[in-house]
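Several structures are given next for inspection.
Two complexes, one shared chain (subunit A), two partners (subunit B, subunit C).
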Partner chain A sequence: MSRFTADVYQNEFLPLGATEVDAVVTVTALDGAAAGAAAGPIRAAEVVIVDTSGSMAVPPTKLKAARQATAAAVDAIRDGVEFAIVAGTDRATPVFPAHGLATASAETRAQAKAAIEELEAAGGTAIGSWLELARELFAGASVDLRHAILVTDGQNQHETPEELERVLAACKGRFQCDCRGVGTDWEVAELRRVASALLGSVDIVPRPEELAADFRAMTERAMARGTADVALRLWSPQGATVAFVKQVAPTIEDLTERAVAVDVLTADYPTGAWGQEARDYHVRIHVTAREAGDEVLAGRLGLVVDGALITQALVRAIWTEDAELSTRINPEVAHYTGQAELAEAIQEGLEARRTGDEAGATFKLGRAVQLAAEGGNEGTLQLLGRVVDVDDPATGTVRLKRHVEDVDEMSLDTRSTKTVRVQRPAS
Partner chain B sequence: MTATCPAGHVSATTDYCDQCGARIEAAPDPPPPVTSTTSPATSPSPVSAPCPQCGAPRAGRDRFCESCGFDFVAAAELEADAGGWAATIGPDREYFARMAAEELAFPDDERARTITLDAPRLRIGRRRAGDDVPEIALGDPAVSRLHASLVRDDDGAWAVVDEGSSNGTTINGASDPIPPHVEVRLADGDRVHVGAWTTITVGLRSRAA
Partner chain C sequence: MTGELALRCPACAAPLHAEDRFCEACGAEVGAPAPAAAAGCRACGAPRDAIGDDGYCTVCGVRERAPGQRAEADLGIAAAVSEQGRSHRRNEDAFHLERVGERDVVAVVCDGISTAASGDVAARAAAAAAGAILAEALRDGGDLAAATAAAVHAAGRAVQEVPWVTSRAALALPSCTLVSAACRGGEIVVGWIGDSRAYWLAPDDTRQLTIDDSWAAEQVAEGRLSLEEAEADHRAHSITRWVGADAPPDAPHVTNLRPATGGRLVLCTDGLWNAASAPADLADLLDGAPDAPAAVAHRFADAAMELAGRDDVTVAVVDVDPEGAHGP
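Up next is the complex of A and B:
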């Protein structure tokens, strides 16, 4: 059985009349959560979906890289895992095996790689149909963990956004999917939508030759997850409203809309499979203001692991007339509030730049530089430096670059949600 | 193991109330029995009235008397049970006429029923098939699944709280609904209106029956 801990960081003291309670909760999956540490490896299924639309042939290195990457993913699938390879165009086609899933062994991996070698590029792009086939394949497997990798180089042109939404709704909770965009002709918002709905990551692979290493890493990471199904369970008192529940590290992901009601006061927020890792969550709850000295529980955050409720963390509120107590800013809450604003400033700044609003773009991206400098986001600061010239990071004084490579803009957009954890003094 | 919070909710969690979140002070469990020097049938004591057992003043809404350990909450509960509040629930033609829900027909064959208010919180709403909550189940189509609750205060008095219903809750024929999520104190004989035609009259058992 995996072990989890949950730690709360908050200033529980509120001034009189205040109703907003903020807390950061760090959830850590300890040693036992690694696959194979307890009752043997959990049963897993892996589906790799590779875009073979016509555009993948231009330049020819793209399809070649996709083939190599898919083969690298196949190599990383450990023995006994159920797997399949799917080719995606304006429809989905099983590449290996011909029907259903195959059980990984030296033999089936070799057969899969031979089939991957035969892949050719032709046709359109209908991502929904690819996910639909993946869902059908997973539905036939009696496994604990279902993981897919999807790689595309283009926009979803051969089905409507409504069709894609319908498929996403059907796939939600059935499997997780990490998404990768190769080149610069795909749409960040579209792939982010897919990854977010299916509890996966999204990233750009600027150069096709980097795809293989990325596929291998993703597959290994998925295989290393020892806990198939974890949800946050949040109770809040009568009369309270949950303003938001956000994952804030390692990436920003708003979970508020994912709430599944357990009872009138309690909701679950699915977070998918966990390996040995830590994730931070920012919770904001509005409660009814009380009198000085009153203490209430604003939230009880539990973890539901494979159906069992374990580990609870308490978010408290105490009203006080002592301004010195109530005005203290909790460093964790402040840090992640800044990180969320950073992601927003980047996305809004890039949008302003795309629509020709130079003043808006300069302001937003300047604010992003300032926040990234404050928060210690070295990686994000580097990416920002390819879109703007930074005069002074402390004040956020920047100038838009005249010429920006598409790949730099898309990298910044895709990775805007990546956060750094708050620096805590060693204990 | 359960605990009773300062607002009188029975809570499955013993650190903070699982209804209102109020902190529950560490209390011996089960609460000490009320000694026979006081009759459980005395009238409800107002908030912060002195301890009926030793006469020491009660500090705010503390559960236990600081002087002799008398349990105010348990005594109030006993009293409430003995006092016997009840609710009569039924279709109300006058309220129905006021609501003027033209597409609905008044349920002529539905009879009023009276229930004892025997728990600190009774939820009012429409049940899903197979469920046994809310406690007060109504067939009224304009009632939300969880519409409102009747809640007992720690001094034994009853209040109604609208749980954020779609169509609101009104009292004693008022035209404006009560604000959601706010407890509104009820007096003996008060009428609570929900849905298209349902009126719930609460009061001491002798009157409501």
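Up next is the complex of A and C:
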């Protein structure tokens, strides 16, 4: 059985009349969550979806890199794992095997790589149809863990956003999908939408030659997950409203809309498969204000692992007239509130820049620089430095760069949701 | 796990809806609030078994109240108790209770200002300093009104010396309220600054001896609001005078009392009078039972915790019997 711990960080004291309760909950999967530590080896299925639309041939290195990356992913698939390779254009085509899934072995891996060598680029882009085929392939597999990798270089031009949404709704909860964009012609928001719906990550691979290493790492990470199905379960009292449930580390991911009602007071928020890792969540609950001295359980956050409820953490509220207590700032909540604002400032700043609103872009990206400097987001600060010239990070004084490479702008956008964990003094 | 299913009929355990007055399964009346609420959740009235092992109601989340820690002194003819309120992280009330000889008593009750720094230390320092001066006056046979003024002055000096650090919220200097009583035979001298109070409770004479230095009291005194209206206002507890370095320099209020018959002197912080402000209501809390001062003080503290409970509560009770005592 996997072992998890949940730790709550909050200032439970509220001023009289206040109704908003904030808490950061750190969930840690201990060694038992890693693959192989469970009772038996976890059964997994892996589908790799490669964009083979016409644009992948421009420049030709792109398709070549995609072939190499897919082959590298195939090499990382363990013996016994069910797998398939899918080529995506304006429709989805099985590359290997011809039907269903193959069981990984030295022989099938070699066959798959031979088929990958034959891939040619032609046609359009309809991401929904690719995911639909993946869903059908996974549906036939009797496994615990279903993981897909999707790589594309373009926008979803050959189906409507509604079609994509419909497919995403059908795929939700059926498999997880990590998404990668190659080059600079794909749309960050679109791929983020897909990854978010399918509990996966999204990232930019600026240079095609980096794709192979990334694919290998993603496949290995997916294989290392030993706990297939974890959900947060949040109980809140009668009359309370859950304002949001957000994953805030390692990346920002708003889970609020994913709520699945368990009963009138309880909802589950799926988080997918877990390896040996820690994730932080920020929960905000509105409760009925009570009298000074009253204590209320604002939330009971549990983990549902493979259907069983384990590890509960309590989010509390105590009303007080003592301002010294109620104004204490909880460092974890403050840190992640800043991290969420940072992601927003970057995305809004880049949007303002795209629409020619220089003042708005300068203000938002300046605020982002300030927050990144405060929060210790070294990586983000570097990416920001390619879009703006920083005069003073402490005050957020910046100037927009005259010329910005597309790849720098997209890298900043894609990685805006990557957070750093709160710095705790060493004990 | 929880939800409406957590509401169950106390008679047959069938599930209930929150608005049900009668159980659909067995017909038992379940809407009657008082007895069920006493055993179950005090906030939403859910039955006892809806309260989880951790003390939180599984319907509304409100936590059961646990008994707090109580400081007490019992001198026979006088007693005092002090209990920390549930919304405070430390008890910012303090008392000084001392018997001089057989029948003479000094009682001082202080309430540290929670929006100021080190309110708890200020209250303890003030109560001790004032108590020492009044006890000395009782021993030496000094004038009690003059001693009361000197005692409050000494309390102010003691509070000024309280070390304090600034923090985001605690902007005011250490300060507190003070109410004192020196009882010698049938003579009682009461002094006060702020909104801690003294009451006289006797069979035919029940009254408040002090007038709060507070926003509410000023509104009532100037005829702008009724007592009920003023006390319901969020500014009701804003005090206009206090003991501390930044306090207005005026002398304390002093009043004396020479009761003809025996009675009970009660000194208390607002933690008690929030629960029962009018003298008659305060007397009603005792239910007419002729108890020893210690039992009376505990009864007041219990009632304050039950009815209000958020603030610290401190109460000193002195039995005064002019006939049994050596006369004036």
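Please note the rule applied: the second predicted complex is superposed on the first by the 426 of 427 C-alpha atoms of A that agree within 3 Å, B and C clash if a C-alpha of one lies under 4 Å from a C-alpha of the other, contacts with A are read in each partner's own complex, and residues count from 1 in each chain.
Here, contacts are C-beta pairs under 8 Å (C-beta built on N, C-alpha and C of every residue); 3 or more make two chains touch, one makes a residue touch a chain.
Remember, predicted model here, so these are calculated numbers, not experimental data.
Peer 1: Using the superposition on subunit A, decide if subunit B and subunit C clash or fit.
Peer 2: clash
Peer 1: In the superposed arrangement, does A:322 touch subunit B (first), subunit C (second), both or neither?
Peer 2: In the superposition, A:322 touches subunit C alone.
Peer 1: Given the touch rule stated above, what does A:235 touch, subunit B (first), subunit C (second), both, or neither?
Peer 2: In the superposition, A:235 touches subunit B and subunit C alike.
Peer 1: With both complexes superposed on chain A, which partner does A:213 reach: first (subunit B), second (subunit C), both or neither?
Peer 2: neither
Peer 1: Is A:122 touching the first partner subunit B, the second partner subunit C, both, or neither of them?
Peer 2: neither
Peer 1: Output check: A:292 vs subunit B and subunit C. Expected answer is one of first, second, both, neither. What do you get?
Peer 2: A:292 contacts subunit C only, not subunit B.
Peer 1: Between subunit B and subunit C, point out the one touching more subunit A residues.
Peer 2: Touched residues of subunit A are more numerous for C.
Peer 1: Classify the contacts of A:314 with the two partner chains as first (subunit B alone), second (subunit C alone), both, or neither.
Peer 2: both
Peer 1: Considering only touches as defined above, state whether A:262 meets subunit B (first), subunit C (second), both or neither.
Peer 2: In the superposition, A:262 contacts subunit C only.
Peer 1: Per the definitions at the top, what is the overlap between the subunit A residues touching subunit B and those touching subunit C?
Peer 2: 235-240, 264-265, 287-288, 294-298, 314
Peer 1: In their shared complex, at which residues does subunit A touch subunit C?
Peer 2: Listed in rising order, the residues of subunit A that touch subunit C are 235-240, 262-266, 287-288, 290-298, 309, 314, 318-327.
Peer 1: Along subunit B, where are the residues that touch subunit A in the complex?
Peer 2: 13, 15-23, 146, 161, 163, 181-182
Peer 1: Given the complex with subunit A, which residues does subunit C contribute to the contact?
Peer 2: 1-5, 18, 43-44, 54, 56-57, 59-63, 85-89, 114-115, 167-170, 309-311
Peer 1: Where on subunit A is subunit B touching in the complex?
Peer 2: Going by the criterion above, the answer is residues 235-240, 264-265, 287-288, 294-298, 300, 314.
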